[in-house]
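The structures come next, written out as structure tokens.
Next come two complexes built around chain A: one with chain B, the other with chain C.
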Partner chain A sequence: MRSTLIAAAVLTGVVLVGSAMVRVAPPVPAGTISGTVTYTGTPPKMRPIDMAKEPTCVSQHPTPVMTETVVSGPNNTLGWVVVYISAGADGSTPATAPVRYDQHGCLYIPHVVVLQPGQPLQVTNSDKAAHNIHPLARVNAEWNKSQPPETAPIQASFDKPEFIPVKCNIHPWMHGYFVVLNTSHHAVTGPDGAFSLAGLPPGTYTVTAWHERFGTLTQDVTISGTETKSISFVFKALPY
Partner chain B sequence: MGKLFAVVVTAITLVSAAIFAMHVWWLPPDISRLGAGIDHQLSETMVAAGVLFVLAQLALAGFVWRSADSTRPIRRFPGGATPMVLLATALVGVEILVLTFVGTKVWGRIFLAPAAPGALHVDVQAEQFAFYFRYAGPDGTFGGAHPEMIDEAATNFFGLDPANDTTARDDVVAATLAIPVNREVALTLRAKDVSHAFYVPDLRIQQDFVPGLVVPLHFTATQTGKFEIVCTQLCGLGHYNMRAYVEVMTPEAFDQWLIDQAP
Partner chain C sequence: MRLHTRWIAPVSAWGAVLLFVGATPSPMPAQQAHADNVTGHAAAGRPLYERYCVGCHGKDGDGAGDNAQWIDPRPRDFTLAVFKCRSTATGSLPTDQDLYNAVSRGFVSTYMPPWFALTPQNRIDVIAYIKTFSAKWNGGQTATPITIPDEPAVSADGILHGRQLFQDLQCWKCHGPAGHGDGPAAATLTDSKDNPIRPYDFVVGSRFKCGSTNRDLYQIFMTGLDGTPMPSFADLMQPGDAWDLVHFLRTLQPLASPEATTWRAWLTAHPGELKPIGPEGTQ
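Right, the complex of A and B next:
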């Protein structure tokens, strides 16, 4: 009899707590902003990278590697553009998953990575040559560490939002970006220029597209319910 | 013990002299028009220094051997230490002056004489930790270099301004120094950051880059092939890896190379 009462009490408690949790976090409708980044005009010509000083990297590329400043696809789509929510209550959460940045074939892979403040960054060296990783930070602390082959990943993180150019002094053609953003809603376009920012609660947002050569573009977008809003960014390209 | 020391000194002297005399570790074959003069000067310096070295070491060994088991007092140099130091300084000074005097002619032909009028002009920039080479392109004119416009990601290593400077648009920038054989090459050396050096052992030339200075250097390669350019001025953590190659080509191959490299 007593055990039945206890079981009933526990069951009631579980039901009450459970219903309370549902009430605290009701299902929030989430919308999506997606689209494509393109350019008009004539972009600068990308050139083959001469890696002659590092034979172990030359041998990894049967055909010459081109610089990655402007990477585009058919119909003038533009890659390596960071698209993100720059203003609006987008319910961002801190990111804790480590982001890997690899040095492979004397290139940075990927060319651009996005991080959130405090998010762990792991810089690895897959080459047989030594590299040095030199983030040219101005808002965050600047550092410069060398990484010989087969050594442990370099662990780092950045506290403040910033677009940080990264270079290797040993191989001056190596160049990339650490992009530190407050928002967890961000995307980096591939050569097809496509992006999608999902999981946005209803509201009005400023969406920013950043390209290392062509600068930034912004648009205000209002999301209601679970709709998907389609937008496009068109950068103006100059050859020089 | 003293006699053993004398034997060891003699052995070290003879072995090290033999290593130099037999060219065990020597420069690679000379491939430049003025290299023979440098080699001649190097040999004279080696002989002059080597003869003095061997004589001095053997004299040391001889004195040690003679005095090893002797109780004879060691005699003083006539007049004491001061005339001994003065005499030694004068002897070495005269030797260095003679070598300098003899070498001035070779030095002057490389470092003091201007490049020939038909020389190929190449702009060289040294930076931590690479060399870059720039050719004037079909218009024969170098575009202006603007340090503030240097953009390594876009391979604009010289800070060219092709948007506003039309002479910069056809400038050829490469990480390899390609040159035609048997034609004089006039380099203009500039350092982007710290001191570096341009050293090609096969060409027998070595010249420092000095930040803020524009340093001319000219040479003529007499054989085709690929030769290493190394930095011999400690310039930072990547100094060990600061190198490039000079590729000496036939004139036809060089003309084609320039066309292939056109921006």
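Right, the complex of A and C next:
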């Protein structure tokens, strides 16, 4: 009798859980736009950074570190390109997970970070040197805070979309970008130039690729169902 | 001759009408400013701005007036609404009173003079007009000034603690171990427009950019000088720490001050006890 009751209870549970699962996950077709970013022409040569003014950072780099303005891979692939949906009903959701931006070895890690309006940003200092974090915002507020070693992370957020250059005045070679975008569909390319924007509902989108030196390229792309559309961006590189 | 006079009157009347129409100022937001219980109006500030300020700050307030190319540091660009001397936190707009004080005080070691020649009403009218150059002033929100508690008495222990903060917060990286403005990072400093800029040299003993009192000094490093390399230290210091740092910074200036007297007495009583400031002091 008892075992029959338990079996009935378990069965009811399974049925309830099963029906609940069906309700939470309605079938939404989602497509993907992926591809590669490359360049033609001659990009500027990246130079070794002279960190002699900050001995605690020099000692962290056995080989000289190169500037990160133009980072490329084999076959002219291009890194540090932000690819994102700039127009179209892409079903974006607000982002709440904090994004971390670290100062390590007198470099910004990562060089480019993408945020959505209001998304929390945590700036940390892993160095033995003091830095000042100075986002040179124009649309959002420009601020400038000191962060000596072993101090609490600086908490910040930005309200409006903007490409914000960030610099450390104490170490002038340190520069990076806070990229604030109105979409949750964005990617930053590595040296292989690859990007993938997944989870897009069927529709027509404008896809924008941004590079700090080479500017902006856009393409209109239409996707239907769960297809993966492949596109490529080719920047024209100038040495100066 | 008579014929001429008969015609001149109606013609000049029409001319006056035409001139009046041509000179009607373009529509302007009814921006106001308030300081010292005086209310300023942008419409009244505009002719004053166009007479006294336009040469350096430019017709559009972008800091690109005819004189700007000869001026270092460059005149302020009001279209960015970023200001050095504020009683408010870094990243905030200044209060109207902050701007009024800046115009009244001028900026030592720059081309910006104190505008005593303008009446208080003139000055606050100009401030109201300056606020029309950026949409950031249209929100109507007023930032709250930081709280500055009463200054404690000067003590040798406080100065010593302030000196340790000068070392630990690495102020010497820009301002130099002795406050000469010659730290290792000084030579490469640039402002937010990439123009070279020098850190303050305490040893010249002059006024500061944003005032001359101990409270002004407290406010400078707690709010930072936005648009320049000088950051805010508000997140890193308690009020007691900040006052200790103020008292130490005063000892770097060649002035007769209570801080200097206290410090000299301590140095005489404790010869050779100080650790150096700078990279050698880190170990």
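Heads up, the rule we're going with is that the second predicted complex is superposed on the first by the 214 of 240 C-alpha atoms of A that agree within 3 Å, B and C clash if a C-alpha of one lies under 4 Å from a C-alpha of the other, contacts with A are read in each partner's own complex, and residues count from 1 in each chain.
Note that in this section a contact is a pair of C-beta atoms (placed from the backbone, for glycine too) under 8 Å apart; a residue touches a chain by one contact, two chains touch by 3 or more.
Please read these numbers as outputs of a predicted model, since none were measured by experiment.
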item: Joint occupancy of chain A by chain B and chain C, clash or fit; value: clash
item: First (chain B), second (chain C), both or neither touched by A:220; value: neither
item: Which of chain B and chain C A:136 touches, first, second, both or neither; value: second
item: Which of chain B and chain C A:212 touches, first, second, both or neither; value: first
item: A:50 touches, of chain B and chain C: first, second, both or neither?; value: first
item: Touching partner for A:154 - first (chain B), second (chain C), both, neither; value: second
item: First, second, both or neither for A:170, with chain B first and chain C second; value: both
item: First, second, both or neither for A:146, with chain B first and chain C second; value: both
item: Stretch of chain C penetrating chain B in the combined three-chain arrangement, among 38-46, 182-190, 236-244 or 272-280; value: 182-190
item: Those residues of chain A which chain B touches in one complex and chain C touches in the other; value: 53-54, 129-130, 132, 146, 169-172
item: Interface residues, chain A side, partner chain B - complex; value: 44-45, 47, 49-54, 67-69, 129-130, 132, 146, 165, 167, 169-173, 175, 212-213, 238-240
item: Residues on chain A engaged by chain C in the complex (per definition of touch); value: 53-55, 129-130, 132-134, 136, 138, 141-146, 148, 151-152, 154, 169-172
item: Residue numbers on chain C that touch chain A, as the complex places them; value: 80, 82, 90-92, 168-170, 173-174, 184-185, 188-190, 192, 224, 226-233, 235-236, 279
item: Residue ranges of chain B touching chain A (in the complex, touch as defined); value: 127-130, 152-155, 157, 161-163, 169, 174-176, 236-238, 241-245, 263
